[in-house]
Amino acid sequence: MNVAIVGATGYGGIQLVNLLRRNRNFKLSFLGGNKSAGSKWNDLFPFINIENDLTIEKYSLQRILESSEIAILSLPNGLSSTITPELVNNGIKVIDLSADYRYKSLDKWKEIYYKEAEIYNRNDYELCLESVYGIPEFNQKEIKKSRIIACPGCYPTSALIPLIPFMLQGIIESEGIIIDSKSGISGGGRTAKEHLLYSEAGEGISAYGLLTHRHTSEIEQILSHVSGLNIQLIFTPHLIPIVRGMFSTIYGRLKDPGLTADDCKILLDNFYRNYENVKVLPVGTYPSSKWVKNSNDIYISVNVDNRSGKIILLSTIDNLLKGQAGQAVQNLNLISGLKHNEGLDLTTFYP
Amino acid sequence: MNVAIVGATGYGGIQLVNLLRRNRNFKLSFLGGNKSAGSKWNDLFPFINIENDLTIEKYSLQRILESSEIAILSLPNGLSSTITPELVNNGIKVIDLSADYRYKSLDKWKEIYYKEAEIYNRNDYELCLESVYGIPEFNQKEIKKSRIIACPGCYPTSALIPLIPFMLQGIIESEGIIIDSKSGISGGGRTAKEHLLYSEAGEGISAYGLLTHRHTSEIEQILSHVSGLNIQLIFTPHLIPIVRGMFSTIYGRLKDPGLTADDCKILLDNFYRNYENVKVLPVGTYPSSKWVKNSNDIYISVNVDNRSGKIILLSTIDNLLKGQAGQAVQNLNLISGLKHNEGLDLTTFYP
Amino acid sequence: MNVAIVGATGYGGIQLVNLLRRNRNFKLSFLGGNKSAGSKWNDLFPFINIENDLTIEKYSLQRILESSEIAILSLPNGLSSTITPELVNNGIKVIDLSADYRYKSLDKWKEIYYKEAEIYNRNDYELCLESVYGIPEFNQKEIKKSRIIACPGCYPTSALIPLIPFMLQGIIESEGIIIDSKSGISGGGRTAKEHLLYSEAGEGISAYGLLTHRHTSEIEQILSHVSGLNIQLIFTPHLIPIVRGMFSTIYGRLKDPGLTADDCKILLDNFYRNYENVKVLPVGTYPSSKWVKNSNDIYISVNVDNRSGKIILLSTIDNLLKGQAGQAVQNLNLISGLKHNEGLDLTTFYP
Amino acid sequence: MNVAIVGATGYGGIQLVNLLRRNRNFKLSFLGGNKSAGSKWNDLFPFINIENDLTIEKYSLQRILESSEIAILSLPNGLSSTITPELVNNGIKVIDLSADYRYKSLDKWKEIYYKEAEIYNRNDYELCLESVYGIPEFNQKEIKKSRIIACPGCYPTSALIPLIPFMLQGIIESEGIIIDSKSGISGGGRTAKEHLLYSEAGEGISAYGLLTHRHTSEIEQILSHVSGLNIQLIFTPHLIPIVRGMFSTIYGRLKDPGLTADDCKILLDNFYRNYENVKVLPVGTYPSSKWVKNSNDIYISVNVDNRSGKIILLSTIDNLLKGQAGQAVQNLNLISGLKHNEGLDLTTFYP
C-alpha cells in the first residue's frame, strides 16, 4: 500500500515517516512539504534514514494520484480542507491530522475555527458529515469503512479514552467535568514561535486558553454523542517543559457514590480488554509521562474520593504518537484491513 | 536582631541564609546542621558568601541562647517538635517551617503525620494551640504578637492566598473545590531520593498522593476556619521538571453565578491592596511560574465560566521563597516590628 | 543620568531594563523597539515592573537627544552601525552590545561579518578605531574616557578573562590554545528560530560553527593585542539545554612546565584582586554554571597537568549578565564616573 | 540462549531487560538485584513488561547455573570481581559492564580503582589477562572467542571509536590529544546521590574529575595498545542537564598537516564500512546527541584546522545504549554466533 504524507517535515510528519519507513505493510510514496521542496529527505534528516531516499515535493494532486492510494495530511487547520475534497473525490483515502473534519457540522467548525474560516471559504458540508472521528479503541467499525478519517487532537485523545466508558454507561454526571491537562512543548509544533523557545518555555509552567481552547468543543462533541446528553465541561491546558508527553487529570462526579475505585478500574479493564495499548493501572499506581514516551500507549489510573463521590482519572500519552501520528497509523492500519496496532509495538527506553 | 537558622544546609535553610546574609535588620548568629557540623559555610557554599563566615554547628540550646533572639527551624517534620518547646520556654521566638505547629489540634497532627507521631512522642498540645499560622497577608496581627509561628507548606500557600478572600465572604461554595497543583522538584528537598534524580524526574510529569496528600487537611483546616464551615476538598499534586516554581489551578463553584471575572478580580485587588507582593493580573492574562522565580511574589489570575458558574483561580509562586523561606522572612519581619516585606524586594531575571 | 535602551525587548534589553529600573544612579529615559513600538513596557512585561511606566518607541535620534545622555544599543549586528555614528556625533555616549565596534579595523569586521557588510554599507573607520573594547577588569582606564564602547561577546568574555593574565605575561604558549565552550540557549536571542525551540534544543547537546565561529577572531584580536603576538586558536562552541549560563574549558601549554596549579591560581588572584566579581576558586574546586545564574560574577578554576605541561582553565558566567548586559552596566558605571560594580551586587538563589 | 542479568534494576540493567525481553535470540532467565529481591519485575516496571514475568532474586551461583548460559553483570566496580571467576569457572560466559576486567593488568586496576581495591581483595590476574575489551567495531574476532568480555565505559566508547582508526595508522600525533566530553546525568547511575538530583543538576553545567578521572587511563591503555606507543592524554568530563546522551569533542594534531577533512572522513568511512551503526557525517555536518537517543548508533564528524594542523573529532552516543547496554548486547550477539547488531536496529524518535 502506497502512502503519501503531506506536511512531512513538521513534528507530525516526521513521526509518520519514522513509523512507516520500516513498516512492511506500507510504502512511503510521496513526501509533501512546501518549504523544503526539492530537498532529499535523508539530507534534511540524516538520523531518520529512508532506505529509498525520497525528494520532498510541493503538493500536487497529479503526483499523489500517480504514486499513492492513501494520503495522510499533517497540515495547518484550514489548509487541509483545500485539498481533502479533491483527494477523496479522486479515490484517495484521506487520514487528516488537522481539525478540519473533526466536527460533523461544518458550521460548528466555522464557529470554533473562525479565524481559519475567514481565510478558507469552505463548503464541504457533506464531507464533514461523512468523516469519521478516528479513535480506534472506540469506533473501529466506522473507521474501517471510511474514506476520510479525522484524527483527534492530542488533548481530546488524552481525555476521551478515559472518559468514554464512563459517559457511555452514564456513570459520571454530565455536569461538572473538569479536565486539567499538561502538555509537552512539541504539541505547539515545529514552526518557530517565541513562546515555544527553550528560553521562554524552559524552567516554567503556564496555563493558556482558559475556557476558550478549541479542543473544549471537540471533547464536548464526542462526549455528547457518546452519552446522548449535552455535555459542557471545563478544560484547562498547561504548557510544561518536557519535549514529548501529555498528562491529563480529570475530575467528575459519580452518579452512584457507592462505586469504588476498583469498580471503576474493572469497567476500564473490560471496555479496553482488546486494546493492549490501553494500560489500566492498579488502583493507587500513578503513571509518569516518561512511561509512554516514544510509544503508542495510554496509561490510565482511576481513583474515587469517598468523601465527595468524585472520580479522578489520570491519563498519559506521547502527544506526538498516541496523540497524533501513532493514532493516525492505527487508523491507517484499519482502513487497510490490518489490525489497528500493526507496527506500533515500539520499544521505548527508560529513563 | 540575631537569628539562628537550624537546618541551614537544606534548600529552605540555604534560602534563609541567602536572604539574611545581606539584610541590615538581622544578623546570622547560628547555623545548625548535623551532617555538615564543623564545616565553614563559605567552604560548602562558595557561591553564597557570608561576610563573617560562620561554622556550621550541631544544634545546642545553650549555643542558641547565647547567640540569638529568634530561631528559624528548617527541619524534617517531627524533629522540630523536639526542640521548639525548650526554645520558646527559654525566650527564643520560633519560626517553624515544618508541619509540627500548623494544626491547632495536636491530635489532628498525630492523625495526619502518623508515621512521625510513632517516632516522636509529642505532648505539646498547648504550644500547638498557641502557634499562629504564618500567612502574613491574612493574619498579620496575630503573627506580630506571637512567639511561635508555623509557616504554611508551599502547596497550601499557593492555594490559600487565592481562596481565602472568596471563602471569607462566602462567595465560593464550600463543596466541590478542586486544587490541581504542579510543583518543581526542589519542593522534595535536598536529601537524595531516587524519584528526585534528574534522570527520573526530568522529561516527565506525574501525579502523586491523590486524595491523601497531607497538605489536603492543612488547607481544609484553614479554609474551614476562615469560612466557619466544614470544608472538604480535593487536592492533586503533580511533579514537573523545573527546579523552582509552583503553579496551582483551582476550581470552585460560585454561589452567585452572576458574578463576573472582573468582579472577582476587584475582590482580590481590594483584599490584597496593602500587599504589593500579591499581584492580581488583568482578566485574561495568565502567569508563568518563570515570572516569580527568585522572588517572594504570588501572581493570581481569575476567570469565570459563565456556562457552569465555575470560578478558576490560577496562582504561581517560587516554592522555596513565597512557599517557604521568603514567607518565613515576612514572619520574621513582623515579629521584629518591621514591615512584612523588608528585604524581600528581590530583583529577578527573565528568562 | 538618563539612559536610552535601544532594542529593549530582546534578552539583552530586558536584562538592561531590569538592572536599571531600580538603580538610583540612572534613569531609564527611552526604550526603543520596533516590533513593540506603542506598547507600554509594563503591559508586555508585568513581571518586570517599571515604576514610571514607559512606552516603547521606534528609534529616533531626536527623541534620544531630548531624553538621554547615554544610549545602550542591543541591536543585531550591522544595524547598530546605522545609528551609532549619529548618536556619538550628537554627544550621546554609546555602549554597543553588537559586534559592530569590536574590531579596531572595519575591514576586518567586513571580512568576518561579510553577510552584514553586504547589507550595511559602512565607512565609519575612525569610530572603529576610537571604540574601546569593554572588559572593565582589563581596560578600565580606556573605558572611563571613551564615548563609544564595544561590549564583548559572551564567548569572548568567558575566554578572555581567564586567559588575559597568562597571555599578558607570556606564561601560556601562543600556539595551541583550545577553547571548548558550552552555552545556554538564551545566547541565541529571543527571535524565534527553529533550532532554539524547546523541542529542538531540549534533551540534546550539539556543536556548531567549528573553526569558523565569528567569535574566534574576536578572541584572537584581543589576545594578540595583549601578548604582542599573532595568536591563532581553536574555538568550539556547543549549545546545551540550560536557559542561562556559559561554561568554557580552555586548554593551553605552559612555557614553563614547572609551574603548579597553585602558582597559576595566585597569578589570577593578584591580577583580579580589585575585582570582587572575578572569583578564583581554590585548586581542585570546579564551578557550576548554576553558581553564577542571575549574577555578574565570573568563576575561574585553574589546574595543571604535570605529565604534559598543559594548563586547563575553567570559567563560568551568566551569558546574559557578565556575558552581555551586566558587563554593559559595568561600562555604563565607568563612563559615568562610578565604580564598575555599582548596582551589580545581585542576590542570586540556589538551586 | 538463556541470559542472566545481575544488577537488573540499575539503569544498565533496565536497558538490558528492555533490549532482551522481545529479542527472539535470547531468553531472560534470571534477574538479579539485592534491594528488590522478591519483587516481580512487572510490578516494579509496569512500563517495561516482560511477557513471562520474572521475580527478582538475590545473586546465587546455583540459580544461574540452573537457568542460564550467559551472565551479563551490571554491578558496581569491584563487586563484579567477587562473582565473575566462579561464573566463568563453572562454564558461564560473562559480559561485565564494570571496570573490573577492562585492564589487562590487575595491578593497574588496583592503582586506578584503589578505593575498590581496599574493599575487594582480588587475585584474578589471569582472568584480567584473558578478558577481552568489548568494542565490537574494533576487535570482533577476539570477542567471538572469549568467555569473559569487559564492556568499555561510556566515555571511552565515545572517544575510542573516533580515535582508533587514526591512532592505528599513526595519523594523529601521540602527544597532545584532548578529549572534552559532556555526559547526560543518567551516566551517574540510579543510586540516589545529591549531585544527581534534578534540583542540583538541572539548569547547570559543571566539570569534574579533571586530570584524574579513571576513564583517562582506560582510554590511554587502549590507544597505547592500538598505536604501539605510550599515549598520555587529557580527558575532561562535564555533566550537562540531559537524561540520556554523551558528546565528545576531541582535539589532536595531524602528523601530516596536508590532510584534509575529507581525507579523514574517507578514512573513517573505510574503517567502519561494515558497521552501519557507526555513522560518519559529511564534513561540515555536526550531530546532536538527540539523534542517537534510544539507539545503538554513534555519529562521528571530523574537521581539520588548516591553520594549525589540528584535527577535531565530534562523536555522540546514547550513554546507556552504545555507551553501556547496547554495546553489551553487541558482545552478547558475537559470543552467541550472531551478527553484532541483531536486535539493535531500534526505532528512535525525534524530537
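Should a chain be cited, it is by its letter among A, B, C and D, assigned in written order, with residues numbered from 1 in that chain.
Basically, a contact is a pair of C-beta atoms (placed from the backbone, for glycine too) under 8 Å apart; a residue touches a chain by one contact, two chains touch by 3 or more.
Bear in mind that the values here come from a model prediction, so they are computed numbers and not experimental data.
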* Have a look at where chain B meets chain C and say same if over half of the interface residue numbers show up on both copies, different if under half do. => same
* Asked: If you average the CA atoms of chain B and of chain C, how far apart do the two points sit, in angstrom?
  -> 38
* Mind checking the centre-to-centre distance between chain C and chain D? Centres are C-alpha means, answer in whole Å. => 39
* Structure fact -> Expected list for chain D, residues touching two or more other chains, is 11, 186, 199-200, 202-203, 241-244, 287, 290, 351
* Once you've mapped the touching chain pairs, tell me: line, ring, star, complete or other? => complete
* **Of all residues in chain C, those that touch chain B in their complex** => 11, 14-15, 18-19, 22, 45-48, 186, 202-203, 243-244, 279, 281, 285, 287, 290-292, 294, 299, 320-321, 346-351
* Mind listing the chain C positions that touch chain A in their complex? => 11, 184-186, 188, 190-194, 196-203, 241-243
* Structure fact -> The chain A residues in contact with chain B across the complex are 175-176, 178, 180, 182, 199-200, 202-208, 210-211, 232, 234, 236, 238, 240-245, 247, 249, 251, 286-290, 293, 303, 305, 307-308, 310, 312, 314, 316, 351
